[in-house]
Each structure stands twice: as structure tokens, then as C-alpha cells.
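Got a structure for you, written out below as C-alpha cells; questions coming shortly.
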Amino acid sequence: GCGEKPAADGSPKAKADKVRIAMVVKSLGNGFFDAAHIGAQEAAAQLKDVEIIYTGPTTPSAEGQIEIVNSLISQKVDAIVISANDPNALVPIAKKAMQRGIKVVSFDSGLAQDGRLMQLNPSNAQLIGRRQLEMARDAIGGAGEIAILSASAQATNQNLWIDVMKAELAKPEFAQLKLVATVYGDDQSDKSYREAQGLLRSHPNLKAIIAPTTVGINAAGKAVVDEKLVGKVYVTGLGLPSEMAGHVKSGAVKEFAIWNPIDLGYAATYAAYDFVKGRPDAKAGGKVDAGRMGSIAIDAKGEAAMAEPFTYNAANVDKFAKIF
Amino acid sequence: MAATPHHTAPVLQMTGVSKRFAGIVALNKVALSVHAGEVLALIGENGAGKSTLVKTLTGIYRPDEGTIALGGQPVSFANAQDAMAAGITAVHQESVMFDELTVAENIWVGRQPLQRGRIDWARIEREAEQLFARLEVTLPVRARVKDLSVAQRHFVEIARALSQQARVVILDEPTAALSQREIVELYRIVRQLRAAGTAIIFITHKFDEIFAVADRYTVLRDGQYVAAGRIADVTEAELVALMVGRSVQQAYPKADVTPGEVLLEVRHFCHPTEFDDVSFQLRRGEILGFYGLVGAGRSEVMQALFGLTPRARGTVTLDGAEVRIACAADAIAHGIAYVPEDRQHQGAHLTMPILHNITLPILDRIGFFLRGRRARENAVARHYSEQLELKANHLCQHVAELSGGNQQKVVLGKWLATDPKVIILDEPTKGIDIGSKAAVHRFIGQLVSQGLAVILVSSELPEVLGLADRIVVMHQGRVQREFARSDATPENVVAAASGCAHALEAA
Amino acid sequence: MKVLKQREFLLACSIVVLVLLVGLRSPVFVSPASLANLLTDSTLLIMLALTQMLVIVTRGVDLSVASNLALSGMMAALLAARQPDLPLPLVMLAAAAIGLLLGLVNGWLIGYLELPPIVVTLGTMSVYRGLVFVLSGGAWVSSHQMPQHFIGFPLARLLGITHLVWIAAAVVLAAWFVARHSRFGRDLYAIGNAPSCARYVGIPTARRLLWTYGLSGLMAGLCGYLWVARYAVAYTEIAYGFEFTVIAACVIGGISIAGGTGTVTGAVLGALFLAVIGNALPVVQVSPFWQSALTGIVILAAVSINARDGKHGGRQILPLHQVDRSAA
Amino acid sequence: MNTTTADMTATHSSRYTIHDRPGFRLGALLGKWETLLALLFVAAFLANGILVPHFLDPYNLADGTFNFSEKALIALPMALLIICREIDISVSGILALASVAVGLAHTHGVPPALLLPVALAAGTACGLLNGVLVTRFALPSIVVTIGTVSLFRGLASVVLGDKAFTGYPQLMADWGQGYFFDVIPREFVVLLAFAALFAVVLHTTRWGRRIYAIGNNPVAARFAGIEVNRYRLVLFMLTGAMAGLAAWLLTGRIGSTRPNIAMGWELEVITMVILGGVSIAGGAGTIGGVMLAVLTLGTVTYGLSLANVPGIYMTIVVGLLLLVTIALPRLLHGRKVAK
């Protein structure tokens, strides 16, 4: 019987009393998601009848996530909160999960629209892309050459932000910035480092490297230090304070941004809970209640965005490095 | 021949030594002793346990029971190094060679002399040169072993054994791959060693050798000690009887077959590096001997004829029609079979059952689905195994579990099973015992009387002279001369093989 | 001997040509600083390729090096992060010791249990990689957690040359000595040439294999520290897939996967060749999407060139043949 | 040939009796790798059934097969290759390139029914390249395929860049993720059909016999009239084709193609084959063993994932499983006697 509703009242099992929400992340061992997990647990504690299953594949692959979702379907969890490695590849399995009565909510890196009930964007792509350009512009004093060092060419949300950045660059406020290259470090420290070095060498006038990925921003920061270009080339992008603190201190990174992963995990858990409980507002065009975050509106495409990314610099990075 | 010093105690004495492999008793309470300054011939049929005995003596196998005493002291070896340190060395039946290393290093491998922590290459080369000088052979000590001929490799192994100044030197079929000239060379070395007081164990299937070099003999049969004594006190027939446990009809039984019409004709067979302008004819019911020194290129010609060498050119006519042989399968389809000389690498599939080995070239004839044809496969395999007196437990036994000679029989059986018109036997009796050798010779006779044509490549002069109707002698990749049976004498055949045929003809 | 020399000469030439070609397109690449950088960048690959060479010479392969590197590197980073006052040599020693231990596990399974190397190291590759995650709890060790001397060492300079290069040079010398002038090394060649014959001449095969894989592990451990310090970050996935780069370097350097042959020069040149490509691709600004395909083509081209003289075209039996032809 | 055999048997009798096959020994049967695997499989299945809730649900078991079906499809020809002393590290690259070919064909309006042939053709072509490099240039296959895996995946990324192909036809989705009678996954049925086919070819036909012979001793096989290089070439192409089939199924199942599709599968496939008792030195192994290994691995990993054990622990378990299963017989029987 796969049509069984574990959440229904009067279920004899003690376990069934709890709403089981599985958080499927891109890969384990990623500080960002570990922080999101902390947020989810905070939400679970507040909601009292929620059990969180935190899981993800070893390497960030869609196939690995599919296997995991498959087993979650078999376990008949109540909801799946997922950050997808591929917006399309996970749609079929997500649909299957929804057919079996599991509520699927995506967060961070989203699923295509028909694969989920709701997508919780950490912020919107527009804001993130723009923020990174602003940080680069501010660091280099308004004008100069910039380059992007991304993760792999397949990383969905990175690509989305890069597209946004390219579009934003056409706008007059960024007219002084010139994007000279986009390279990929495959989230490997050695390759990212080599690519960063390549950028520094082949573009002597380069002023800033934007890396919307933690491994990338780390490697670029190290390359700038090693090449003794601190103060001449600035690195910026997205990273966790705990992982970036060293590079802010070394001066290679003036500012970087990230949204609050704890809040993201917290809100995603609340949203999933609302869907499981069948709250009338939990639908496209409605809103979900997100505990201490207040309520979050869902647009017609089922997407919701949280706040603007938060910017870190030498003044506040140490404080946050202790948190996530 | 030096008198055996029987009054002294033996250098090496084995008593009650047994060795079992899964299910097989290879050695059963064997006793053996050898004195300083004597040559002991260790004889026995294929699979009698000779090589196993050598391996227990050299620390490669550990005996299950029994004692080995060296100079009166009981010893036990954990590995080859222990045995070497105690003064026992061997030239094994299998080639122990490291292809990519130089000649000099091959001699010293595993025990290179050190000087201040690093290998003393100068000394290695110097001493290698001295060794070869002592052996009176010329070998480039810096050449890689893979570039040497089989005979030259053998001398490297012998040099390795000699370099250790051992008290006991064991030679396990050292002459199997050597030609006449090199064999004589080897005898000289053996006598030299004996004179220097070394004890030598000499294993061979060739009786003329036993009588030429040995002082005493020990006979093994089925892993058991049978007899021992002085060579001077026995005749060849007695030895054979001891070894086989029955009498064997010796000599080369020339089948009484008159060759028929020409079956195979090879003309102007060439290869860029291996041979040039080789032409010969082969008649139905004929045995055509191919003689030459080792490395004369006979095997290469035969392999090319069998379709294994793509770069060979020339015309091959079979039964009056010209045939094109591009691969071995073509050759098999045309009724040509080639029994290769290198059993381990070219002949047998060692970890496959006897059954599968024998039927491999004729799978096309057996059928596509082999499951249903099991009985037929068994019948073929059984037929040839029995005909060749194969010693095995069952047809599903892996070939690797058989003794060297029995492996050779499996390979022979495999090629006979293709039911060929022409069968090329490349050193067919290399390393097989006298009883089986006689069986092979009988069998060759039987083949020609059935109308087959046989090409017999052999480095054993008596075998070629005794069996062949005609003899083709090759030298350095070319046909040097062809002899009719009546013209061939050991002297002129050997002379032709050494390349001095013109001189003979002129005389 | 001559053939090998020739092959290595060819490889060295193609490296120089490659560098010059890249230099033609983007002159920065051939600036002294950039070349020095290239050298520094190739050191880890060179060191790993050298011990991998010893393994391949024995007819084996060590697929677990990258996982071993990650595990030892992570352990070193954790140690340094928890005990910032620990002297650096101790940390390096710890990394090397962990690597050695992991390598010895491989060596024991392969040498004493006579299990096939590819299978054993395939297994330990997963196990070691998994252990990185388990032991670190999946967390990163990032630059501000590591003490400054820990991070600074690899790129610090002695007589104007980075420590990395000094270490690599020492390793090259040591490898050359082992491969050419020690009994241990020569035994490895013998084992690779004819494994079943090695025991006939009294080579303790099991012990030799144990220490060969041990050595490979030791090097992975040392490189684990250097890697983590160099890039100032440690996480589960570091050096993921690097084992194939190391093997490719050996293969390009003419070390036969069939065992028994291979020189230190070959391994060093093979590693340099790959390092040049890895460094050149970002500089010449080919589309990043072409990088992997180009690397593949280059590897295939290099091994095809190597293979040409490996093919034996029959023996030379006819001594007079060529003379005849030329006379005619 | 038949007649000679018959009459000669009657006349000859050897001094030695040779039986057709060894007598039945329980020890031999128990010592077989397949028996060990079967026991392991049953043990894993029972342990999961008892310890893991939801495991025995037939729907779940059926769903569990999706996790390994495509890999197992590649493991079948890989087993033949490894038996033949070759190996193909490039299968995951072939899979990616074949998937890209399907995507390209689809976007250029090739009808859905023709996409399978496109996948097979692309896979076969990649296999052909591997095979030609191995046979013509006499290169070791591990070396060639380390190079081609980078090439194939690289070409996939050249075509795709940072884009993806999506929106595949329903036909592919039906085969990739559909069921027969709503319970039996089609992929699994495809796998079983191919496993049967491969088992028949390998174990009952002369082709199979020759594959064993080549793996056992390639030189002797050539001397016995087997066209060794042709067999190798065909096996590489077959592996390519099966990777193409797997690409078609996987693409259908996930409905999307990216250059990093099936990253790292080659090692999982090879693990399946080796755990299945196929000797990496060639010449030994059975399809039955490989299928048992596939099912065992599938059971173990599925059980672990139902227990929400993180994937990285699973790699440890799989690695240990591999090591323990190959080391255990050696530890129990002592070291093998040297040849």
C-alpha cells in the first residue's frame, strides 16, 4: 500500500506521530549545507513533531541524489526538501515522490517547476548576481577588468548567476567593468588555483576575480596571495565566513557575500511542514508561515525568495565565522 | 671417467622427502645422495617428480616431510636465498630470465654486490665478463636479455648458477633448447665443474647424455625412489626399464611409407628480417626434416607458413592449388597444423581444462552451442589423450597441474585433433621422456601411413636422421642444403647447419 | 637502452616545443616567474609519479594514492588546527606516517595475500576516501584554522627556490638512487619482468611489494600535507581523481603498464608534460569546454608515440639481407 | 573426422585412466565464488529484511533496482572484456557522449523511435575507437581508455558547454522509469534479458570459449587460429554499444543530459565485475557471479540508504566488501602454492 498517509491521525506507530522531513543536499561535507541542517533542526525543535533526515550523495551528482530520493520514497517520508544538482534530472523522481504523497520542496538550487511544490530561493538570482558585481566594483574603485571563476560548467545556480552578471554588466552602472574571462575550477582546489593563476598571468590588468563558489573563492584568494598581488587584485564572490576568514585577513578578499544558510534551512523546513499539514495557503500564489522568519510569499511560479545576501568584511567576518 | 669417491660422505643427502600438491603426491619418500666431484643423473618419466625435487632442494617448495642434509648437517630452506647461501643452486627447467634487464644484471639479480650502500655495477659487469670467459662463450654483458636467442639465454642461466661457487649445482634439462654444438660446450663446463669438486645433479631425457657425463644415476618413478647406482654398471636398456617399469622399444621406427604426390609446395618465401627465399616441397606420406642450429629461423618459417606472420611473402600451393593463408584459422581450414615449440606461451592454455585445450582449434567443427556437444568434445579429447598416453586424472584438470612433458602431450593432441593434412611439428619431443618420445615417434609414423605429410623441425640430430625422408638444413634464415635420406650423415648435416656446406661440396 | 634514451629525448623535446608554442601565443607563459611557477606546480605530480612508477614497475598500480593523499592531508590539517603549537616537522612526519601506514595496508594485501593490485587499491581507494569524511566529520579545515607556518612552508623559499621544488628534487634523487642503485629497486624491476621467476632467484617478493606500496603511501602522505598547505584548505574531495593523472604521467613517461621497465627520467618528464598542459590551457585561453577533450587527445597522442617502438616486428635473423639489397 | 574418432577409440587404451570430469566434491562446490556470493546475497537480504523497515515491500524492492540496472548493463560486457584481459575505463565517458548524441538527435528532430539506434551507434563508435587504438597500436587498454575517457567526456562538454538537453520524448521515459504491469521495472527486465543473453553466449557457445581462451593466453589463442584482435575489437564495440544502451535508459530515466552525467561510474562497474569473481588477470569469471555481485551490492547499498546511512559510508562499506570478499578465501585457504 503506497497510498497510505503516514501523517493521518490514529496511526499506531509512535514514529508516525512525527512528521519526517528529509533534507537532501547537493553533497555531504559542505559547510553551507551543514549550516542549513542546523537551521532545519532549529525549526524541528520549534515545531516539536518534526524529525529531520539529513542526507546527500558523496559527490555532487544528480544520479546520486536520485538514488537517495528513491530510498526516501521507499521509507515513505512525509516531505523532501532538496537542493538539486540538476534542475531537470531530478524532476521524474520528484514527480514520482509527489505521486506517492510526499511533499517536495526545493531550496537553494531549485528543481524545474513541475518537480516541486515550491522553490525557496535564498535570495533571488538577480540580487545575487548584482551583489557580486557591486562588491567587485566597490573593491576595485569602479573600473577595470574582472573575471569569473566558477565551479563546474554544470553547476546550475552558478550558471544562473553568471548569466545574470553578464546581463547586468550591460547596464550603465557597471559600464566601467569589463568581463574578460569565465573559467571553471570544477570545485577542485588544485584546478581552481591553476585557473586563477592563469587568469592573473594572462590578464595583467585584471582587477577582480568573482568566484560564486567556496572552493573557487578560496583558491583564488590563495593564488592572489601567492602571486603577491594583494591590493592589486581583489577576490570576491560567495563563500562561508568560516571558510573565508583567513582570506579576508590576508587582504586578498575585501568583501564577500552569502545568505544565511541557517535561516534558509529553517524556512525550508517550515515550508515543507506547512505543505505536509495541508495549510490552505501553501500553494503557488499563496504564502507559508516560517516561524521566526515571519511569512514568506510564494509567487505564481511557486517560487519564494528570502532576503538579500548579506555582505561580510573584515569587520564582521570573525563573528560569523563561529556560526557558519 | 673419474672414479666416484665413495669413501667420502655425500655432500647432499635427502631422505624420506615427500611433497604433495592438492590431491597429487609429487614426491613420495624419496632418497638421494650426491658426492663432491661427481655428476648424478636424475632420471624418470615426465611427471616422475624430478623438477619438484629440484624445487624442494632449492627452497622454492618446502617438503612436507623428510630431511635434507648438506655436508652432514640437516638444513631447511625457507626460500631460494637460503638454499643459495647454503651452496645449492639450480638451472631450472622453466626459464628464469628477466627480459628487460641486462645480461650482467640477470646473473646477479637478487644478490647484487654492494659497495658503500650502492650497487657496484662495475664489478657486476667485470665479473660477468670473467664468467663468460671461463665458460668460453662470448656474450655482450650489457645487452638486454630479450634480444638474446634461446641458447644464449640458457648460457646466462648457467652463468648465474656458476657465479655462486656452489657446492651443489643442479641442471634441470639444460640441453632441451640447445643444439649439438652448444651441448658439447655444456658438457665441457660440467666436466670443468666436476673437476673443481662440485657436486652436480643432471636431469635429462637424453640417454646419450647420461652416458656421456654422469657418474651415477638415481631413478624416480611416479614420485618414488626406484633405484640408484653407478653408470658404469648399467646398460641403457636397463635404465629405461627401471624408469618406465617395463621395456620400451627404442630406436627410431621409420614408417614404411612411400611418399606420394606433392601435397604442399612453398616457393620463394621471404620475410624482411627473418628469412629469405625459402622453397621446398612436401609429399603425401612424407616426413620432411628441418634441421639447423637453434635460431636458424626454422620456427619463423613455419609460423609464417601457418599464417602467423603478416609480413611474409611467397607462394604456397596445397594439393595443386595456390592458397592464401592470412591467419592461423585459414591454415587450419586448409588442413595445416602447427605444433609450436614454446609450450608455455604458444602452445597451452595453462589454466584451462585439458578438454578445452584440445578442442580449441576445432570448435567450428564441434558446433556453435557447445553445451549440447559435450559428449563429442569428450570423445575427441579422450581419444587423443589416450593415444598419447597422457598422465592425468580427468579431462577437466587444468593443464598447469600436469608435468612439463604431459603438457606437451596436450598440445600435440590439440593439433592432431584438427585432423590435418600437413602437420608441422616444431621440436615435438623437447622435454618429453623416452617412453613418450617413442610413442610420439610411433605416432608420427602412424600419421604418415594415414597419408598425412609431416614437417619435423628438430634440433635433435638423431631424431631428424632417424625419422625424416628428406632433410632441409637452414642457416641464418636461408635454406642451406637439402639432403635425401640416403645422403644425410651426421657430419655433413651438422656442417651444413653451421654454414660450411660449400666447403663440403667442394671437397 | 638506446631506444629508451631516444624516447625520453623525444618527450623532453616535445615539452620544450609545447612551452615555446604556448609562449608564442601568450608570452607571459615563458617569463621566468611563470616558468618557476610551472615547476613549483608540477612538483606534487612529479613526486607521486615517481613512487607510482616504482609500483607500476612491479606490474602493479596504486589507485588509492589520491584518497590516501586526501586522508593524510586532512589528518595533518586537523592536527595542525587542533595543536597549532606543534612543530611543523612533527606534523609532516605524522602525515607521512599515516600515508605509510595506509600504503602498507595495500602492500600487505598485495604482497602477502597475493591479491591483484588493481582490485586491492580500488577497494582501499573507496575506503580511504570514506574515512576522510568520517574522521573529519565532513567539515572543512580552512586557512584561518591552520597555523601560518603550516601554510607558509611549501611556498617559502630557500636560496630563492621554493621548498616544494627542493623537496621534489630530493625525492627525484632518492628515487633515482632507489631505482638504479639499490637492491630494493632492482628487485622491483626483476619482479615486474617475471613475477614467477623472482622467487627462483631468492627475491623476497612479498616484502618488496609491501614496501613498494608503503613507499607510494609514504609519498602520498607527504604530498597530502604539501597539498593541503599549498592550497590552504582541506576537505573530503581534495585531489579527487588525481590518481589517474598520476598514472597518465607515468604512462606518458614511457613506463610500461606491463611492468619491468621505466625510468626516473621518464616519470619526471611525463609529469612535467602533464603539468605544462595543465598550466598552459588556462593561459592560452582555449574554451574551458575544450580542456578535457584536448587533454585526452594529448594523452592518446603521447602514448601512441611511445607504443610505436614497443611493437616488435620480428627477429633479426638475416644478417646479410640489407647488404644484399643495398648492393643490388 | 567423426569416423576416425570412433574407430580409433576402440583400438587404443592408455596406461592411465582419465575420467571425463572430477568426482563430485562438496568442498569444491562450497569453495566456488558464486556460492560465497549467493550466501552473501542471502545474508544481506535477510539482514535488511529483518533490520530495515520498508525493505521487503515489493514496490520498494522494485524501485531499488533502478539504482543499479544501467551500471549492471555495462558490467555485462565489461565482464567479457576483463575475462579477455582487457578493461575499459572509458565507459562513463561513452555514456555521456552517447547521451549527448541522443540529445543532439532529439533537438534536430529525429523521431523518438530512432533515438535508441542513435545511442547504440554513438556508443559503438566510441568502442570502435578504443578497440582500434588497442588492437592496431598494441597499446594496453587501461592506458588507452584513461585517455579516451577524458576525450569522450570532453567532447560531451564541447557540445553542451554549460547547457543541458532536456525534454526527452515519453518513449524514453517509459523505458527509463516505467514498469511492466505497474510493478516490474522495465530497466530491470532489460537487464535480466541481457544477462541471460550474455550468459548463454559466454558459457555455452564457442565465442565464449574463445573469449576465455584469449584471456587465458592470448598468444596461444592466436596460434590456435583465433582472431584475437577481432574478438577484442568486437568486445570493445559491444561495451560501447551497451554503454550506449545504458545512456539511452539513463537519459530516459532522468530526462536530462549534462556532460557530467554518470561521472565515476566506471569504477562502480568494475567493482561489480570484480566482486562477481571475474579475474582481473583474465580467463576466469562467470556472468552468474557478476549478476550475484550486482544484486548483492544493490541489496547492501539499498538497505543502507533505507537506513539513511550517508553515501560516503556506503563507499566504505562497498570498498570493504570488495577487499574482504577477495581476501577472505586467501586467508582461509592460506597462500596459494606458486605455479
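To keep things simple, chains are lettered A, B, C and D as they appear, and every chain counts its residues starting from 1.
By definition in this document, contacts are C-beta pairs under 8 Å (C-beta built on N, C-alpha and C of every residue); 3 or more make two chains touch, one makes a residue touch a chain.
From a predicted model like this one, the values you see are computed outputs, not experimental measurements.
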{"item": "Identity of the chain that, by mean CA position, is farthest from subunit C", "value": "B"}
{"item": "Separation of mean Cα positions, subunit D and subunit A [Å, integer]", "value": "37"}
{"item": "Whole-Å gap between the CA centroids of subunit B and subunit D", "value": "42"}
{"item": "Cα-centroid distance, subunit C relative to subunit D, in whole angstrom", "value": "30"}
{"item": "Touching two or more other chains - residue numbers and ranges from subunit C", "value": "133, 138, 196, 199, 236, 289"}
{"item": "Per-residue overlap in subunit A, given as positions that touch at least 2 other chains", "value": "28-29, 58-59, 153"}
{"item": "Junction residues of subunit D - those touching two or more other chains", "value": "157, 160-162, 310, 312, 315, 338-339"}
{"item": "Which pairs of chains touch, using the document's own definition", "value": "A-C, A-D, B-C, B-D, C-D"}
{"item": "Touching residues on subunit B, where the partner in the complex is subunit C", "value": "58-60, 79-84, 92, 94-101, 105, 109-112, 114, 117-119, 142, 144, 160, 271-276, 295-297, 300, 309, 311, 476-478"}
{"item": "Complex interface listing, subunit C residues touching subunit B", "value": "1, 177, 180-183, 186-187, 189-190, 193-194, 196-204, 260-261, 313-321"}
{"item": "Residue ranges of subunit C in contact with subunit D within the complex", "value": "61, 109, 112-116, 118-120, 122-127, 129-131, 133-134, 138, 196, 199, 236, 244, 247-248, 251, 256-258, 287, 289-297, 299-300, 303-304, 307-308, 310-311"}
{"item": "Of subunit C, residues touching subunit A in the complex", "value": "26, 28-29, 34, 37, 41, 133, 136, 138-140, 142-146, 155, 227, 231-233, 235-240, 242, 278-279, 281-285, 288-289"}
{"item": "Of subunit D, residues touching subunit B in the complex", "value": "1, 4-6, 8-9, 12-16, 18-22, 203-206, 209-210, 212-213, 216-217, 219-227, 283-284, 337-339"}
